[in-house]
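Dropping a structure here in structure tokens format, bear with me for questions.
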């Protein structure tokens, strides 16, 4: 068959360029369509991966463990002990990549001029590292040295609101385990910047031990946040941990942040819909252009028949031609999409819509993310549907009656 | 905000009820005053005036104190605030309102709410006794004026003190009347100041009877505290400062 | 002129298959745009509606500066009579006065700091959907009843149930202690976490008594379900309140910029997609226009010989493109409107919608907007693009030489 | 002598709406191997129809056609295609060549479809193009050749794999007399040399002169069936 294949290929390729202008026009439509598919997919994927990573990085992690009442009422009363054999053992699970224990309670921060309520988070800086946004978001000063670090880290926006800055002292006030007011002065050793206003103004970070000392607790925390090696094992691990620690509340990120999950799911389902829409938009053009080229080559197809080429060969010729066109469009479309994604660098800045973005749990820079799955989907939609679509013009070509075809002027 | 009011009064008392200064060590100047004051009880009647460019309001109150840890305040006027009371025991605060005949414990998140319209910020009064222990003091200047010695003391809070100020500068007379208390931010800029406007000899002592707190960047807005009557070593014991007495209109 | 139209019309149908495919492409695009713009605008209407409906209203009259710094003393005197004057003067009934305060609210077990809002129950029902989401008990009965309604989350956190009394302690407008004990007569569940956790309503007159408001209030909320009336209403209320010093009329999007920005962001990204789509469709049908000119070179040669000017022929070609596009647009627009009308009547909902809807206080069904904008914006854009595309082949006619043209195949 | 083509009671009626057009009426014809037949008659007389039917491009309304022992009228489309590929060569009045292929590729195409090796194709196509006098023009595209040259390529392609039958429908119609004469000359030589049967339709008297047998058609009927030379 190879002799026929090579004949088909060379015929198809040359026929493609018989009417350069026409081919270029439809090629442009295909390239534009493919670009739109991939670029949009990259944008949506960027959005959803941003939502996912923001969700996970914003102190959520993949899984969180709390005391039963904590999520409803996140106060000091709802804490749990870390020196719990059962808990300790169940956290010693091979699926777990990293854990971080935190004290996380409401507090008040006071500067010389302003005061505001927020959430005070005590962390072990080493365990937290790589797990949440904090270390990578430090823009001034330093990260916490250890659990006993006497300094605190606050957000840039919060610093602006409090009219304070790096190196200054502020007073943190909260309630200890007996609901007594406790307060202390802390020096600001680091400023973080996350683009998310709610995070920047709503949280301050200090050493875990420092926070426990302030609250008069020992080896007790508000939450344990867990990062997995493989997110696919999340449900399994949640179930295991919950079963092993019935007195605690174990939840995955999707339950903790249902909004993020729903948005991600919506974006996911929109991919295919959008691809189909774009394909339909260019599908009419592909069929039309192929039909034009088939009908103006009627005599040629008659000639093929008279030379003893079977209808299947003629069909194949048109089909290969359109497949070549599609592949060329895909090739260029992919390259241009790739290039345009690279050209956007870190993503597009939508800070003009900052407050709206925050409502959707999004930061102000949306990166473009190309993943294999989306590329495969976009390309398959075009090539599979494209080949299916070109069956019609190809079939039309093969149905031409040779005697009519050849004698037609 | 109740708590703030309470602490404000409390702080004012600290400076109003001062005794003579025998030492010239800065820390001692303050410590002596406090030590002398601690262990003492007092009963006083005072009023507070909050002034704004477009309005002003005044409130009369009775205050019982024992040392620095306990105090009970009862509002006596105006009529609609009459009977409101506050109780401070150590760091815990309760509030009572006759309107609802109920005692409410003030949660920590509220304790630092800024007091609406007042020039007294909660921060400068958060820990009255901290002024001795959580600060380093030094005398900046000693001068003679109108026959009395005036000390200017600089108090710098310790690193972990729950104080937001960079430094506080107090001007104290040798008879322990506080003339001025300035609050500086951590850049050394004056944020607000408490000034004594009137000194009288009452209850056997020279006392500041009118003090005014004013923010530097808000002219025309101030809060004044006026002392009308005070008795030292009054018949007050620890059992005065109870939740049931907070409800009790006798106090 | 009529004959030119007829001529163009006949020319279009010389290649029925090609014409039908082109019309289908345009119809598909138009239908899709009409459908999605309708849905999109419908969804925005829904978001705006819900966000203004639940609590904030379409417009608010406030004292200047209150929005930026909501101080209790930045209030409007005699707010109830101002509200009733405005009702009379504007003819609108959905106008309600409110007073806002912050207070400590305690049950026997817990104390929380929350927003307390004094409302006029009779009118509040007309401007806010909150009275409609009472899940237990009832809404406030009269302007002066001593009672409150409270959100589900707050009730849970405070561990109170219907009929329990709560203590409210705050500062009055004159700085005096404001305190009261009131029974909870209703527990609402708005779906908005912020409201459910943070907002207590009590009758306005009771509020004014407790907080020493002396007849003052903070905002007059105006509701109208027709968001398009916003600008007109705003002007009207600016006029009506012109005699009062320092009063400002604020629109919903000044009060909640987040929703507007989210809509703008979504609209902007939506339009980017539409433009890409229309461009793809345009390129898809550009070949039709191009071929209909190129394959008629001989014919145009004859026409030139008969005394037509290239301009005449160009106009004919443009007219053909115009008619073809118009037919496609008409078909597509009709289909799009029909689909939208179907969903307008029966409502559109999809999986995940309900959860998102809940987050944003929206009903779970989208009603597409059928308006001039939603129906004609998309088709107009397609018309513009296709006419621009048709210009290209039309200009080629100017290069035709009669003799050469007649001899070409 | 072997009969290559045999038509019996061949009828072809075209329907155009209500109107019936009798294109061929009761054609009986036998063609023996190696013959060079000229099919003549005015336009519309049924020449092309008859040729198309013999070549299986069109099917008769009634009657039978046997080509090289096979019933063309009873064959499926793909059997017909096989028949054409292996046994019949076509030369048309115009548009004989695939425009996107060079002269050599056009000739090779049929061999390629038959599965001939690349080397065989190469040698044979070059040889046949040399035979028809197109040496040096092998790599030109049809558009770069004159009308006469194009028809030579068409003939070369038709005969390259030695079909038993070559059908030529007015091959000289678009050529000037000199080129037409040359083409005819060449076709005849090729036929004789390679033992192939030619059926050439024409209304060109010069062509008729060169035929060994002349069949005249008028209104779809054979009105003359003469053997010449």
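Order of writing sets the labels: A, B, C and D. Residues in every chain begin at 1.
By definition in this document, contacts are C-beta pairs under 8 Å (C-beta built on N, C-alpha and C of every residue); 3 or more make two chains touch, one makes a residue touch a chain.
Quantities reported herein were computed from a predicted structural model and do not represent experimental measurements.
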Centre-most chain, if every chain is reduced to its averaged C-alpha atoms
A
Tally the contacting C-beta pairs at the B-C interface and at the A-D interface, and name the larger one.
A-D
State the chain with the largest centre-to-centre distance from chain A, centres being mean CA positions.
D
In whole angstrom, what separates the CA-based centres of chain B and chain C?
55
Chain C and chain D: spacing of chain centres that average the CA atoms, whole Å:
73
Please report how many Å separate the Cα centroid of chain A from that of chain D, as a whole number.
66
Approximate Å spacing (C-alpha centroids) for the pair chain B, chain D:
121
Residues of chain B engaged with two or more neighbouring chains
107, 109, 113
Touching pairs here come out as A-B, A-C, A-D, B-C
Mind listing the chain A positions that touch chain B in their complex?
106, 108, 110-113, 115, 117, 150, 164, 168-171, 173-175, 179-187
Contact residues on chain C for chain B in the complex?
71-73, 104, 106, 111-113, 167, 169-171, 174-177, 179-181, 212
Considering the complex alone, what residue numbers of chain A touch chain D?
3-4, 7, 10-11, 14-15, 18, 299-300, 302-313, 401-403, 406-407
The chain B residues in contact with chain C across the complex are 1-2, 50, 55, 57, 59, 75, 78, 80-81, 84, 95, 97, 99-100, 102, 104-107, 109-110, 113, 115-118
Taking the complex as given, what residues does chain A use to touch chain C?
21-22, 25-26, 28-29, 32-33, 36, 40, 43, 72-73, 258-259, 262-263, 265-266, 269, 274, 277-278, 280-289, 291-292, 296, 350, 352-360
